[in-house]
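Note sheet for the following structure.
Naming follows writing order (A, B, C, D, E and F), and every chain is counted from residue 1.
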Amino acid sequence: MENSVFVLLIEDEPLILLAAQTALEDGGYMCLSATDGHSGLKLIDENIGKSVAVVTDVRMRGHDGWHLARHARALKPDIPVVYTTGDSAIDWPVHGVPNSIVLTKHYAEAQLLTAVSQLITANPFVPASATPSAHQ
Amino acid sequence: MENSVFVLLIEDEPLILLAAQTALEDGGYMCLSATDGHSGLKLIDENIGKSVAVVTDVRMRGHDGWHLARHARALKPDIPVVYTTGDSAIDWPVHGVPNSIVLTKHYAEAQLLTAVSQLITANPFVPASATPSAHQ
Amino acid sequence: MENSVFVLLIEDEPLILLAAQTALEDGGYMCLSATDGHSGLKLIDENIGKSVAVVTDVRMRGHDGWHLARHARALKPDIPVVYTTGDSAIDWPVHGVPNSIVLTKHYAEAQLLTAVSQLITANPFVPASATPSAHQ
Amino acid sequence: MENSVFVLLIEDEPLILLAAQTALEDGGYMCLSATDGHSGLKLIDENIGKSVAVVTDVRMRGHDGWHLARHARALKPDIPVVYTTGDSAIDWPVHGVPNSIVLTKHYAEAQLLTAVSQLITANPFVPASATPSAHQ
Amino acid sequence: MENSVFVLLIEDEPLILLAAQTALEDGGYMCLSATDGHSGLKLIDENIGKSVAVVTDVRMRGHDGWHLARHARALKPDIPVVYTTGDSAIDWPVHGVPNSIVLTKHYAEAQLLTAVSQLITANPFVPASATPSAHQ
Amino acid sequence: MENSVFVLLIEDEPLILLAAQTALEDGGYMCLSATDGHSGLKLIDENIGKSVAVVTDVRMRGHDGWHLARHARALKPDIPVVYTTGDSAIDWPVHGVPNSIVLTKHYAEAQLLTAVSQLITANPFVPASATPSAHQ
């Protein structure tokens, strides 16, 4: 567990959550997950320090994914974000954060793995610590 | 005028507005400008259809630049945005829109010209019409 | 099947076709395939509306891959294209379409999966419909 | 002249040719120009060896810009290409060459200068010699 | 073996070497490996001609990874390089080569696969031959 | 002076130094310059804290440009670097630092301005302070 590379995964459809988690774990990531916006906020607050990316559904009860991503960035400004959505990609230019990726459902597992991996790789200095940092 | 390439410029410090306008016009752009957030919103509403980019200060009376950019993207989702700021670059990962650039004051004129030009160039299909489009 | 992410795969060497199809399916894509240029053209005509990418060999009987890619782009201007070739990479700067990738055989499976996935991800607004769109 | 950085400029509207030439020369480039597709082909044949970029209008008598660019790439596969067009940007994904840029008229001078400069810079190994090279 | 896509892998921790090799082989690459800087240098000298990428640990006995990468580039200037490191990412801007990627341990397998694959894909003309080439 | 955007410029040919300085100042940058490797090292040591980029010739007496860039990065790891060279571009993949650009002489003024501006813009968080930072 000490060497795990944590990804925060927030998704309220159980089957999609399971598929995303399986894909990420097949790629060697360790997922910490939540199934609605409220528990997603809590998940971020408690685990962002040790995590390297956030994957969040956009439409959810409680807080939507746009809000969760801004919250995560406020705590760790350079954390990569992948939004997944069935119908809200059109709002990404308005509500998304910079340097994020939007995946339109239904996406292939390889798209999720590549999106997460290339965002982290493009940003090799994301510190896996709880200290917020303003550097990109 | 018919062939003009319009850029919307919102900046509340007169000297910086003048310098930015001069730099953009030296590069062949035609500026339409506003000097606070409220008139900036009106400027966007009335002119975004024929414009190819928005350059906005972040801190202003009325509405801040983060808000203006989201408003502009809601009308024209693929319009390039350049934020200029003395002290708010740190908030860009949280409040900025995707595919935008932040310039920290005091920037050189060439930085502004290059930033505007490369964002437009990266996005050659920004239609100079008022019809919103969801395509990037 | 309803949720499938379709990739059009045109390749005239059966063993390579099989390897590519297996790699793409392992990554969660659903392949629709053809084994020469003529059937490739038909495959594109009938299925491009629901597909997110084209992977095509360059040298084939009937129509070569350069032609197939232009045909696909004429129907759906923003569809990602991956060319695979043993000896024609040198012609890509002349005959390739913009925003495409060329893979030189023999490539690793991960190269194909990453190439397809990053092209789709860079272009999240490819509509999975038959309506041609001029937006990038 | 010995130190000149040559750009090949093909444009059939005299006023636009003049404006483009002035912009490029203000940026320190030396222009060699032609005013239709036939003389453009000759211009390329005779001068591509010492040139670092091609800027071509798309619609012209004789040969169109898509053809000229392919001809230039066949002689020097890594030469940067900028297309300028009033109405053919929609065809760029189909007929353009890879690693090229399309500018929609009416563009600002700074867009042309930035487009040419960033394409050359992205490709620092374009040899200013007549020897074709297959490397990107 | 004739169709293998070779990656040179230099890593002095046996468990990490094994994990990296497994990940790369799962992605379809064939690894040639060495476990310290001296044998890494020899591995590069003897096999770089047929290889498409170098993955090297940074801290090792003999020669460090910064040195190995420069040595590899001197023989084959356009070969992609991925550095892996537990604590030396901070030195990458100083000691790394251009167009390389640094992965901070502990990375997920998908990060390694994506990093190697996207660097090779971005550079489709890496000739799998022993002839050094200055082109990027 | 208080608002100046400083660029460090090291070049041992007086006419080229003058041309580069004029181009950068036309673009709104303020140049601090040195004319050989030894004084370049001193220039960097004393002024890198307030500067946003380094432009250095490669071949010089004292220390070459490769060395100067590494020295600058050791003090400020995210500072953009532009190398200018008549004949050493071939060594950039071996001796250059990551995220740098090489310009082959004789370059146009617009190439220099665009190269400096786009590197700074891509890196909006370069702090204009003497505090080294490991973030990219």
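Throughout what follows, contacts are C-beta pairs under 8 Å (C-beta built on N, C-alpha and C of every residue); 3 or more make two chains touch, one makes a residue touch a chain.
It should be emphasised that the depicted structure is a prediction, and the values quoted were computed from it without experimental measurement.
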item: Least step count from chain B to chain E, where 1 means the two chains touch; value: 2
item: Longest centre-to-centre distance from chain B, chain (CA-based); value: E
item: Type of chain A:chain B copy interface by residue overlap (half), same or different; value: same
item: Chain D-chain E separation of Cα centroids, rounded to whole Å; value: 37
item: For chain C paired with chain E, centre-to-centre distance based on mean C-alpha positions, whole Å; value: 29
item: Per-residue multi-chain contacts in chain B, two or more chains; value: 78, 89-90, 92, 113-114, 118, 124-125, 134, 136
item: Complex interface listing, chain C residues touching chain A; value: 3-5, 24, 27-29, 113-114, 116-118, 120-121, 124-125
item: Touching residues (chain side chain B, partner chain F) in the complex; value: 23, 89-90, 92, 101-111, 113-115, 118
item: In the complex, chain D residues that touch chain C; value: 70, 73-74, 77-78, 89-90, 92-100, 134, 136
